[in-house]
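Shared between the two complexes below is subunit A, which pairs with subunit B and subunit C, respectively.
After this line comes the complex of A and B, so read on.
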């Protein structure tokens, strides 16, 4: 009997630990919620520094980086224990960041100082600080790691940074308050969302010329509420999901024609998104309603909304079944 | 038993034939909820805001919210239409003829009730198909689960119609039924707005909604559409069906109309 119980426990334990996870920062609670991507339940919550926003895993998923904006730190957490291992020298008010494909350099937007700080995550030293426009926020990096783009909210620009020289090689004007930059997985296009302008501008990475501009329209929603922020490419690269902030919807955009295909209802003030590691679900962080809406990627229908902490903001996924 | 089935199916055939012959009635039954769904719901979509309540797992549009209520609305009007036809049958003497059959009164009225419920179900099926064409779709299993919930609700509202036909003496008085039964039942329920929303403005009205059997039939339909069982709603709807049917059977007099 005891042997059976022990065997059952041994068989069950690995399954309990194998679930894929979605990590969500809660801006007002100073915590991060961990959602089981299978059961869609919050399995644990860890304390972080003040006002956590941007979150990303190292490429090998051994650590998770968290922008604790009001603590003026990028915190490095052990995802297995929730323990803060150490802080990285991030500069003031880090809001968003992006990790380079080499899994070593972290590009951090310092909103108050108008700079992009480049930190070596291994030596924990600042490698470079690049002057950009006022209130930098959106951070993207090309798949080959050669170009990094910082968007500055007040200057209304996308700054193209050469990662070899850490110098700006081009600036592109976009509509008001650009808050997010996303390279297409093939590295050919750059998408920049403008929150107040209500548009997404698509650039050709080679020429840095504007390729197209996407506008949104939703019945029964005032145009000024259509404020695009976070963006995500679908795994097959045919669609781009755009979070529309206080419009409480995700727009589904054709990645080739730039046509808006559909709008998906989610919670209030949707900020950012993350795909589950198996690409079957999309998780949206809904700031004002304090929850995360889960969208089924096959049907593109919302299937569940999970309560997390106050003002969820960033999200990052960890596959734990490797 | 066989004779009972023949008698019941004869009553059912008559009811279905009457419905199919009255095309205007069929279209009126569909137009009413569709106007609510496509015009009223569009206008109120933003006004009512967002919330997550059982059985929903995530945020829904207002159009999605009112679908079960509009199914209930179709059944409510269908039940009342049935009571109207009963009064007509009574005035024309058809009911007296039917009741001369060698079956107890409850059997004849019960067969009539089943037949009118089936007609109500047909109307709801067409309505749900049209709603699906406008993008308001449920899971395929939801459409199957909802059939018994719709049928029980139709029985309950049809039984209420029987009670009214037992009490209303003349066809002309039916307008009063509209004012005093259909509208209060429909508006004082969870058909158009969740009860928590009603509670924000009036606790008394919210309480009225909670004891309204129509609310429970709507909730039974709502949960069934999402493959869930709402046991209290099932209990309320079943109890109300039995009570209404007993009152109707006891109180029904085929010669009651004033001529």
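After this line comes the complex of A and C, so read on.
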């Protein structure tokens, strides 16, 4: 009775996470699981629209945006209550998105329509729609907010979009089925993962020229199973973690030499990753096994598996007291 | 001629990223067939089976082409059952057709391949699963994007072995397609060390819609006990009436029940849902195996044009047969062409009406080069020699 009362009280506190949290979308359960980054337990599960995939907090952590792909909506949720505040006009089948550094514009990949939709989260209006290749998915934005990159899975390109004019300024061909685009924190490099090509291509942002290509190899794993998808820079920017999908491993890549340093075993069909706000742990969403692997950032060893919903896909962190 | 030139010019103006536009002509050559009579006609094949897949592929690669300076168009030649397919094909080739997507019977395909031998023409077989076409009767100018019967049969045999369902019986029809499919299943079972305990031939000509409940239990009563009944009925004539009417309560596989197919509307993993959605939106119907074969041919062409920057058939063929070629085919693993017979390597979904039960190659079936080569005739056993000669 007291516990219930306490819990109720806590839930009513405005804008306060009790602990660092990792939010994970469950693609086939239409829910989001909230994991306590300290205890590594699921503390609550909220209902979302259909087929939630991309998830990101606003940069001030006041709301969380969720791509409810099959509901054709980007939902805006109050992270303290799980209440859906409103939907943003997202275009059809939003899969993934990225929020601009100014915390205002949201760039959304409309997978079925070959369009990148730019939405103003304050006015809730579509600012621009940009024709890109077939099945846009990977969404990256430069740290200065001047360049947005959309990758298209079936056209096999990274489309470089000028955020001032909302026009494509360059198209870079990459290997088959690019799934994710990630700018280095210093803005100098762009990393693009190609799922079916089995490679990661690194571009020099200034010249848009290819400066490196990373391939993967694991004993006893067929080369065609090494399918890079999600990517994440380490907090010190020296390493990049690359999720290898059905190879069930995370590759650890040197951000300067592009050498693969290590492979970490995780759950089945790993999609995306998120760091805990204190940078001590990395969380991976494992689609087929329906769980999240927690990796200790000091030892680079998996320390726990957390059961979530069916087909976890996206992940985003919220720090304590936000 | 003037029209295509104009279309190309428009694309130059529209495309800000590339200065030069190249227009690529793809030809769809189809010889319509009169379907064999079957007991139930409620679910006829759509007339646009196959070409709808090619058109979706065209839309996909045209979007890509906007960014690379390539435009594509499809010229269609659909020949009535009674008309001369080869005459129509000759006319298309004389008019400049070089990239031919063909939906026609085996004899037409072979005659076409021989007619254009030595010319700069590449043919895609998108619907004929005949094994000889990939083997002793192979032609170096024909690539196959639809799986052979043996590939599909091997997929089923792997599944049966994995489930340890090794007590098997078979009921086969008498049409040439039924006999070929039954042969393929026997060969696949033999390859994986399985055998069929007993077989029956379906030669009834009664209308089973009225009599199935009475006839089928008796027809299957004499068969020895089994784990599963294989059925060879490629036209969909009688097998549907076997389900739930057999003497023993056993599942079916082959042409009914669990079916190894190139594609089905229940395939949804690995991004397939997107392809299914695009297809359904464009056509208002579900995507089938023949649609997928045609889509894959156009997608492979687009991929080769994008990567090589060339529209020359010989160069495209060489790239498609090279190790560098990898096609994203929504089946979880890259698709590529076997350089010894031109067959597209592809996983085979084992499907029921409502779900993908398994995706072959089944885990554990290993291969020294590529696990997809556990499906169908492998390089060492291939009798195809024309791919070894320079073309």
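Basically, the second predicted complex is superposed on the first by the 303 of 322 C-alpha atoms of A that agree within 3 Å, B and C clash if a C-alpha of one lies under 4 Å from a C-alpha of the other, contacts with A are read in each partner's own complex, and residues count from 1 in each chain.
In this text, a contact is a pair of C-beta atoms (placed from the backbone, for glycine too) under 8 Å apart; a residue touches a chain by one contact, two chains touch by 3 or more.
The structure displayed is predicted, hence computed values, not measured ones.
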(message) Quick one: is A:182 in contact with subunit B, with subunit C, with both, or with neither? Answer first, second, both or neither.
(response) neither
(message) By the touch definition at the top of the document, which applies to A:304: first (subunit B), second (subunit C), both, or neither?
(response) first
(request) Answer with first, second, both or neither: which of subunit B and subunit C does A:267 touch in the superposed model? (result) first
(message) With both complexes overlaid on chain A, does A:29 touch subunit B (first), subunit C (second), both or neither?
(response) neither
(request) Look at A:219 in the shared chain and tell me whether it touches subunit B only, subunit C only, both, or neither; answer first, second, both or neither. (result) first
(message) Just to be sure I read the superposition right, which of the two partners does A:248 touch: subunit B = first, subunit C = second, or both, or neither?
(response) first
(request) State whether A:293 touches subunit B only (first), subunit C only (second), both chains, or neither. (result) first
(request) Report the partner of subunit A that touches more of its residues: subunit B or subunit C. (result) C
(request) Using the superposition described at the top, list the residues of subunit A that contact subunit B and also contact subunit C. (result) none
(message) For the complex, give me every residue of subunit A touching subunit C.
(response) 93, 111-112, 114, 131, 133-135, 153-157, 159, 168, 170-171, 173, 175-177, 195-198, 222, 224-225, 246
(request) Could you please specify the touching residues of subunit A with respect to subunit B in the complex? (result) 219-221, 248, 265-268, 289, 293-294, 302-305
(request) Using the touch definition up top, name the residues of subunit B that touch subunit A in the complex. (result) 42, 45-46, 50, 52, 57-61
(message) Taking the touch rule as given, give the residues of subunit C at its contact with subunit A in the complex, in rising order.
(response) 16-17, 60, 63-64, 66-68, 271, 274, 277-278, 281, 303, 306-307, 326-328, 332-334, 370-371
